[in-house]
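Order of writing sets the labels: A, B, C and D. Residues in every chain begin at 1.
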Amino acid sequence: MSWTRDDMAKRAAQELEDGMYVNLGIGIPTLVANYIPEGVSVTLQSENGMLGMGPFPYEGEEDPDLINAGKQTITELPHTAFFDSSMSFAMIRGGKINMAILGAMEVAENGDLANWMIPGKLVKGMGGAMDLVAGVKRVIVVTDHTSKSGAPKLIKECTLPLTGKGVVKMIITDLGVFNVVEGGLEIKEVAPGVTREEIYEKTAAKIVN
Amino acid sequence: MSKIYNTAADALDGLLFDGMTIAAGGFGLCGIPELSIAAIREAGTKDLTIYSNNAGVDGFGLGVLLESKQVKKMGSSYVGENKEFMRQYLGGELELEFNPQGTLAERMRAGGAGIAGFYTKTGYGTQIGEGKEVKEFHGEKYILEEGIFADLAIVKAWKADTTGNAVFRKTARNFNEPAAMCGKVCIMEVEEIVEPGELDPNHIHLPGVFVHRLVQGEFEKRIEQRTVRQRYDTSTSPAGTGEEV
Amino acid sequence: MSKIYNTAADALDGLLFDGMTIAAGGFGLCGIPELSIAAIREAGTKDLTIYSNNAGVDGFGLGVLLESKQVKKMGSSYVGENKEFMRQYLGGELELEFNPQGTLAERMRAGGAGIAGFYTKTGYGTQIGEGKEVKEFHGEKYILEEGIFADLAIVKAWKADTTGNAVFRKTARNFNEPAAMCGKVCIMEVEEIVEPGELDPNHIHLPGVFVHRLVQGEFEKRIEQRTVRQRYDTSTSPAGTGEEV
Amino acid sequence: MSWTRDDMAKRAAQELEDGMYVNLGIGIPTLVANYIPEGVSVTLQSENGMLGMGPFPYEGEEDPDLINAGKQTITELPHTAFFDSSMSFAMIRGGKINMAILGAMEVAENGDLANWMIPGKLVKGMGGAMDLVAGVKRVIVVTDHTSKSGAPKLIKECTLPLTGKGVVKMIITDLGVFNVVEGGLEIKEVAPGVTREEIYEKTAAKIVN
């Protein structure tokens, strides 16, 4: 019984601390907003120019001038601030955003991340991902442990074009939680019903413990 | 000397030429210069290089200039919403220069601010950094990115006074501010032109010195991804969640 | 987690150390962080490097930290209003790094924006360019200037909400915005702290993410050069004219 | 009968064109605002963060939060916009200000300008002058033709530390108006009662006509 998508989001939410400014990527990371722990107040940044992102609008109240970085209609909160894209990435690049929680195609044992491009396939672009991993203080990846075909996604060296070098600090998968440490990945937690042997088997990256 | 023009076509008069570089505001379809795009389509100017975060969608936004094959090259961070774009790109008809989103915004601002180049960590060690100068500062590696100096900026604001002092609305601000800054000439389209004094001088987003020509008009403001939550959901909905419709 | 502190001394607690680098907002005596300056004077922290456009006047503003000999080096564009400054500088007690005003503002913004360096034409071919890398872009020469990364920023705004979203008033905005951006920690003093929702989210000058500690207080706001025109002058007075009083 | 300070300011004002954004330096350049021609509307920029500078305030209405780059109390106009210093110099450096009218200690025949520092004397700093001459499209110098001791200020090469290289396009002195052209200075106008011989005599820069 490995973790579900929601379990993974819930586990990632445990990393949030009160007062943090956080950027959530598309996919499982977006679900993290559903599990922010009691008593912890975080401010969500949307890189198209907003701090303090609120929930989706009620039907009929959608505002075309108010979207998130995934181009979805959203709402504002009392403490929301809007700004232009150069200011938005000033705070990202300048290290003012405490945490980014992102998806991944591949993560290497040294923290290299690939999540924007598969050569020969349709290339859509990196959007703000390269700026986020280069500037945000702590980057956490949330991803399935293996690809749909069963191939490991935590590997020795990325084979796909990189989003950033040595940028990932923690990886949360359906099988467990991993820290990127000197020499490789450290198993920090194992999901219920999963064995360390299963993790070893499905991981190509070096595991140090 | 009035900055006000009746139509986007009037405002563009004398500014368009084949092979020119244009910086465009907007993020996705939010805050895009709809009127100028339509007028450039009408004018038929060719071989355009366009710096814009996205490339519109099929049939709307910058997508219409792709369909009419007026674009030679796009400088963007994300072009995933446009089939015609992909068709031309994969067919070798269209050049594409990927820019990380923040690098693109900063390159536009830099050009507008007389900064020819700057060093950023973004993209170091990736394809984006290849061929770019690397320099070390305080023990970390940075790559050199250059300012964008566009022949023309086309942007959209909410309101502007007759001198061009402009305010944007919510997240429709996005790339409009840096794009406006980097144009030799900037055409701004707005929902409302007001008299000087109607906007609070403390709260001008873009001072009028950056704005050369103003057009007031009506906007379609198409929504790309309509996401909502249900009214019966009385629990506190967390941020950015609900369902796509 | 509250950002609000009762006094500037409380806000500075744990942040001060000898030899540190501080970025300060203000232009002349307009919009200076009076409360933090007084508290740093009180704390007695030594060997400070301070980036600030000006160095205050004798007995007010940063001048008080010069008098107490807490400053090792100033990075400024204009220091002409301060006799004690000149005495220490000419006596070799104080280092001075001249920065063109726009270069200083951009260096602060760059540091805050994760830009380690940038190329500007300002100062090329002058003393300011000596020893700095020169690079040619588009046939013109630019010099490399580096971003400022300060241990602490002390700034003054008009109002902020409890999350640190801030607005400035008129020309008191000046260097407060870039200085705030470049501090590892930023202390902001304001005339009024308001509840979230009281400031228009479209019109936040500095988003709260840049502001770590907030202090509300009273300000002297000394005027450096009081210039007025007479009421009986009913003609249209041109800009910036009248008489000094 | 050479030109007075006000005559020089008036002559400089003739260079203004409708719709221009202009930065005026301290001293004679400030007086230019008194002589803006009828039908010409210009917007004055103050580099501490303001476009649309108004006149000095009425007594009792001085606002410590509203000063110009000379630190004098001023007022705003209906079309005024306030901004921070990095935005202010973005528009200056970015070439958006059409004209700067500045004073000078020395101007060389190639347009080099020195106006911020006399070595060995009290050094106050360049303020925004270096940014202005580097970024503004057209820089006009207004200055007495000679120093108080009678020494030429229009010279072959500046002896004082430069503010900018080859930045001055026009010089207005009490003796006349000069364009900086290929090869030296071109006399464009001679002040009433002044002879070309007097100009030749009091100028060390090469005059091409």
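Following the convention adopted for this analysis, a residue touches a chain if its C-beta (ideal position, glycine included) is under 8 Å from a C-beta of that chain, and two chains touch if they have at least 3 such contacts.
As the structure is a computational prediction, the values presented were derived from the model and not from experiment.
Student: Count the C-beta pairs in contact for A-B and for A-C, then report the pair with the higher count.
Tutor: A-B
Student: Measuring centre to centre with CA averages, how many angstrom lie between chain A and chain D?
Tutor: Roughly 54 Å, centre to centre.
Student: What is the distance, in whole Å, between the centres of chain A and chain B, each centre taken as the mean of its C-alpha atoms?
Tutor: From the centre of chain A to the centre of chain B is 26 Å.
Student: Could you work out how far the Cα centre of chain B sits from that of chain D, in whole Å?
Tutor: Each chain's C-alpha centroid was found; their separation is 36 Å.
Student: Give me the residue numbers in chain A that touch at least two other chains, ranges are fine.
Tutor: Residues 76-77, 82-83, 86, 89-90, 92-93, 134-135 of chain A touch two or more partner chains.
Student: Tell me, which residues of chain B touch at least two other chains?
Tutor: 106, 109, 113-115, 120-121, 168-170, 201-202
Student: Chain touch graph shape: choose line, ring, star, complete or other and state it.
Tutor: Topology of touching chains reads as other, fitting no named class.
Student: Check the chains against each other and report every pair that touches.
Tutor: Taking the chains two at a time, the touching pairs are A-B, A-C, B-C, B-D, C-D.
Student: In the complex formed with chain A, which residues of chain C make contact?
Tutor: Those in contact with chain A are residues 1, 109, 111-115, 161-163, 165, 181, 195-197, 201-202, 204, 207-210.
Student: Okay, in this complex, where on chain A does chain B touch?
Tutor: Per the stated touch rule, the residues are 24, 30-31, 33-34, 36, 44, 46-50, 53-59, 61-68, 70-74, 76-77, 82-86, 88-90, 92-93, 117, 122-131, 134-135, 161-165.
Student: Of all residues in chain C, which touch chain D in the complex?
Tutor: 27-31, 53, 76-81, 86, 98, 100-106, 108-109, 120-128, 158, 168-178, 205, 221-231, 237-245
Student: Could you list, by residue number, the parts of chain B that touch chain C in their complex?
Tutor: 106, 110, 113-121, 135, 137-138, 140, 142, 146-147, 149, 167-170, 200-203
Student: For chain A, which residues are in contact with chain C within the complex?
Tutor: That would be residues 18-19, 21, 41, 43, 45, 51-52, 76-83, 86-87, 89-97, 134-135 of chain A.
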